[in-house]
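Notes for the one structure printed next.
All chains are identified by letter, namely A, B and C, in their written order; residue positions are counted from 1 within each chain.
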Amino acid sequence: MKHVKIKMNNHTFLLIITVLLFIAMYLSGILLFGDKNFGRIQVFFNLFISNAGLIVVATGMTMVLITAGIDISVGSVVAMTCMLLAWMMEHKGVNAISALIIVLIVGTAFGFVQGWLISYLNLQPFIITLAGMFFARGMTAVISTEMISIKNEMFLSWANAKFYLPFGGYENKRGDIIFPYIYPSVVLAIMVLVAAFILLKYTKFGRSIYAIGGNEQSALLMGLNVRRTKLLTYVINGFLAAFGGFLFALNTCAGFVEQAKGFEMEAIASAVIGGTLLTGGVGNVIGSLFGVLIKGTIESLINFQGTLSSWWTKITIGALLSFFIILQSILAARKQRRRAV
Amino acid sequence: MEQEGNVLLQMRHIDKHFPGVVALLDVDFTLRQGEIHALMGENGAGKSTLIKVLTGVEEFEKGIITLEGTRGTFINRSPQEAQERGISTVYQEVNLCENLSVAENIFIGREPKKNGMIDWKQINRKSEELLNRLDIHIDVTKALENYSLALQQMVAIARAVDISAKVLILDEPTSSLDESEVVKLFDLMRKLKNDGMGIVFVTHFLEQVYEVCDRITVLRNGELVGEFEVDKLPRVQLVAKMMGKDFDDLAKIKHYKEKNDEKEEQRIVEAKQIEHIGTVKSFSLNIHAHEVVGLAGLLGSGRSELARALYGADKPDSGMLKFNGEVIKVHAPIDAMKAGMGYLPENRKEEGIFADLSVRENIMIALQVKKGMFKLYTKKEQEKFTDRYIDALKIKTADRETPVKQLSGGNQQKVILGRWLLTNPDFLILDEPTRGIDVGTKTEIQKLVLKLASDGKAIMFISSEIEEMLRTCVKMIVLRDREMVGTLNENELSQENIMEMIAGGEERE
Amino acid sequence: MLRARVKKITEMKLFLPILSLLLVLIINVIKTPNFFNITITNGVFYGYIIDIINRSSELVILAVGMTLVVAASGGADISVGAVSAVSGAVIIFILGGGQTSTDFYHAPYILGIVAAVFVGGLCGVWNGFLVAKMKIQPMVATLILFTAGRGIAQLITGGQILYLRVDHYKGLGGFIPGVPLPTPVFVAILVVGLTYLLLKKTPIGLYIESVGINAKASRLVGLNPVFIQFLSYVYSGLCAGIAGLIITSRVYSIDANNAGLNMELDAILAVALGGNKLSGGKFSLIGSVIGAITIQTLTTTLYAMKVSADQLPVYKAIVVVIIVALQSSELKRMVRNLRAKLMTNTTEKEAA
């Protein structure tokens, strides 16, 4: 039987598709909406600004997915975080820094409980995090069923801070030069991304995550502490969900029950589109970043188009996700057959 | 002649019990430096238990283990400890992580670090050096899954060798390899042997043992049969020892039975060159009505796999099957069933019973599926059928509705038997039908088989007990190393002939 | 002797659902003494009980589909809420001619019904294809429709809430003149009854259980596990389609954001409460039905305690986790080890 040698392996293949997809989409945006100033650098930066929270959450989700697990509670945790922040600062007079520390602890504890149930009681991640999703969403309503706007001065100062770039500006109608800017939340998000990258590539813990996702049985036999590693992954993910929620709150400056609906889907989609396998063992945070950027680009394209309903974003992401899931499944099946020869 | 060194590993008077079962009784095992030593035995012989005891997966009650270079006797309490002492195991399933690179697999759990971070340059360099030394030249940065199973195994061996360099245990390493890959593996093993390593080769492939091993240790029912030098043990003697028979060369008596009048019996099964890649090589056979055909061979010789290929449990990759004179295409078991076949699987727990379903449902299911989606048998009919076989097979159960998981193993087997008898097949495949059943019931089943044959059915009977097959079969198909090597007709049936055919090759006559 | 008796009762198939229902009913009776009262006004029954049975209809229907999916594949279909929104959008759109608000049918009633249920089935086909053929984890596969489904529903409704102010349409979700019980109850009974007949009069129930218990063995007796699993997802889709009809009929409108919201968790919970193992295999339809009614009763109770709709999921989530944890074999092992340890401690103490 003829063997088809694949020169580059499947994982790089998927990542390249993602990057090309992003470039293609972005370029088409410039072509289609160049007259509406799609080509401005700020548009590119806005991708990051609007999605700083998603970048952080997708990073955590990538790690969980690599262990062959999943966490669909993150959207609700983000909402719960925003609501908790707003409630603490507005209704309880807590200062911004303490509020931040508290939500981070809450998120970490949430991740711990889920992680313990999953790795020590061996319960299915999907059911546990589904329950977690409903629990957190419900708690958001328990804290307050009404929307709470954040008016805390320190928080708002964080939210409105901008870093301006010394180049790439354009002239506006009045003749002033407007330079592109970036929010500190973006810087924080990138820092988290880089930290996760180093963790995954250069530490024993990070490599254990890959080993467990690839073959849990083998990892166990090779002496890795599977349960503890899995637990820690969910703990970190809980922390990142809360931190991402904080960045999200910097954008919205409010807490309300319906917030971040479907966020977990976006995080999963970003990871999957970025090359993370749902079956585990494969994934990297750089790809997830591009997944987020693709989602952001789709949103921008629809925004600039003007007439399409924003629901098109969700549908397109859903379609892309389906496409990539099916693609992964086909590649996996081909691999099985190839080896049987 | 290979150069053998000093004694490397010694296990003496090892006793191991499980609740109610003696797994090992006063077993000795000796491994020398620079030696490839085969460890062989049939089902329940104790091979894997011996390995588990050595590597710390299981505890043992009595006995001592000594290793050259280690003071006194020791007990390994875990595979990690065994590794630290210099004893590594590579299993058939290659316990590595395919998604990671070759280099990383070799160093998982012990990655070299630089400034607190994993030093990838070193990992890649060291693993390449290691593999080159073993004459394996591959790109270590690529993921393991890109390589064939054979290469993956060699990587696993390289890892084991790097971690501990004294004793290497290979547990059924050649089961999933093709012939060229086996050659490469043997080259590697010889190289390690020349480096002074002691290799334990657990296998059931006769030819391979004679090709690459220096010594053989045979276990049977938890006891040591003996340790032999390969050069001094004829194949046939080895087969005899594994089966617990005495083979007396000089007292070979061929049994000539009076041939019955040759009725041209109706051919029920006619198989031509059926093959299932990876599990059984191309085979052809004919089975007639009134015939009970046995499949003989050592464990792992491909008997169950042949049956599965006939039944469509494993869809054959090539070949033709004629049933009752008509060519049929068997893509899945339902096709075989509809044509008139039945199949009692070897592993009743995993592939036979529906544990939570009742005795009635377990008995009815095959007939019901055959009947189709739109005709459900009435409660009365079901009860009638169920009772028929509860009586006929003397199934011990509280009542029809008892969940089958509450029955004893033997009774579960009877339920599955009843399931297939109910479908009234023209051809029935029984894979180890009496395994785990008490003696009285064994005889019942053997009598039943004879009766079914005399009623006109064709039966394929697979059993690890040769006497059982000799009592019931009129023809014997022999397999070795996953290949059908011959057929013995009625007048040629004897234990000696069977064992000779299984053993095959070399100095006979 | 007593222990053996207790064991026998707890091992009865319907023990868990009946116990849970009794518990919730008792709590209610304590709080509301006239809980079981039923009155007749204008030839129509009223009362708390009637209300609960009425409101649980959609959930009962969803639980039926979910039961089969869980039994055959050991997974869950979390798209059912979204699919019911899609089906609701389809029928309102067709019958309303796409108008935001209208007071007459723009198309035959029966066409709307058929189209809506068909679309539900179509969603089931998509799910079944992903799970059975592409071997994707059930909950991941159904996650796609879980999110995209509402988007599709929004597309159909053009992002608005569409109203169908036709008296006849309210019939399905409300009362048919001259019938003393609300219609959804009959629809639920119809669906349950039909499914029950299907399971009893054909071998399909046996096949589903076989596939769920031991897919390998089921193949060897001639079944096609892939096909059976596929069918279960299609059936779940159809049930979600029917549920969508009732949901929209109650309020003669479709709100794509809220129709069937959170019902997937309720359905899974109903199946679990019904004594069905979430890992698949043997199942009890009646158990799930009782489970669904129990949940509805629980919801009503919590509402009465001033818990808002948004806050309900907290309690349900906790119940799900408890049930699943109790079913976990790992937990049983831990308890056994703990027991053994305590025993040896006491015997050591006694020996000392």
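Keep in mind that, in the parts below, a residue touches a chain if its C-beta (ideal position, glycine included) is under 8 Å from a C-beta of that chain, and two chains touch if they have at least 3 such contacts.
A quick note: this is a predicted structure, and the numbers were derived from the prediction, not measured.
K.L.:
Given the contact rule stated at the top, which pair of chains has the most C-beta pairs in contact?
P.N.:
Ranked by C-beta contact count, first place goes to A-C.
K.L.:
So which chain is the furthest away from chain C, centre to centre on CA atoms?
P.N.:
Comparing chain centres, B lies farthest from chain C.
K.L.:
I'd like to verify one number: the distance from the centre of chain A to the centre of chain C, where each centre is the average of its C-alpha atoms, in whole angstrom.
P.N.:
It comes to 31 Å between the two C-alpha centres.
K.L.:
I'd like to verify one number: the distance from the centre of chain B to the centre of chain C, where each centre is the average of its C-alpha atoms, in whole angstrom.
P.N.:
That pair's centroid distance is 46 Å.
K.L.:
Need the CA-centroid distance for the pair chain A / chain B, whole Å please.
P.N.:
That gives a centre separation of 48 Å.
K.L.:
What residues in chain C touch two or more of the other chains?
P.N.:
In chain C, no residue touches at least two other chains, as defined above.
K.L.:
Where in chain A do residues touch two or more other chains at once?
P.N.:
In chain A, nothing touches at least two other chains.
K.L.:
Multi-chain contacts only, two chains or more: what residues does chain B have there?
P.N.:
none
K.L.:
Going by the contact rule set out above, which residues of chain B touch chain A in the complex?
P.N.:
It comes out as residues 79-80, 95-100, 104, 108-109, 111, 117-118, 142-143, 145-146, 148-149, 277-278.
K.L.:
Considering only the defined contacts, which chain C positions touch chain A in the complex?
P.N.:
On the chain C side, the touching residues are 76, 78, 130, 134-137, 139-141, 143-148, 150-152, 154-155, 158-159, 262, 265, 268, 278, 308, 310-318, 320-321, 324-325, 328-331.
K.L.:
Which residues of chain B touch chain C once you look at their complex with the stated criterion?
P.N.:
Contacts found on chain B: 311, 313, 332-334, 337-338, 343, 345, 350-357, 361, 364-366, 368-370, 373-374, 376, 419.
K.L.:
Show me the residue ranges of chain A that touch chain B in the complex, using the header's touch definition.
P.N.:
Within the complex, chain A touches chain B at residues 6, 9, 11, 198, 201-204, 207, 210-211, 213-215, 217-219, 221-224, 281-282, 335, 339-341.
K.L.:
What part of chain C is in contact with chain B in the complex they form?
P.N.:
200-204, 206-207, 209-210, 213-214, 216-224, 281-282
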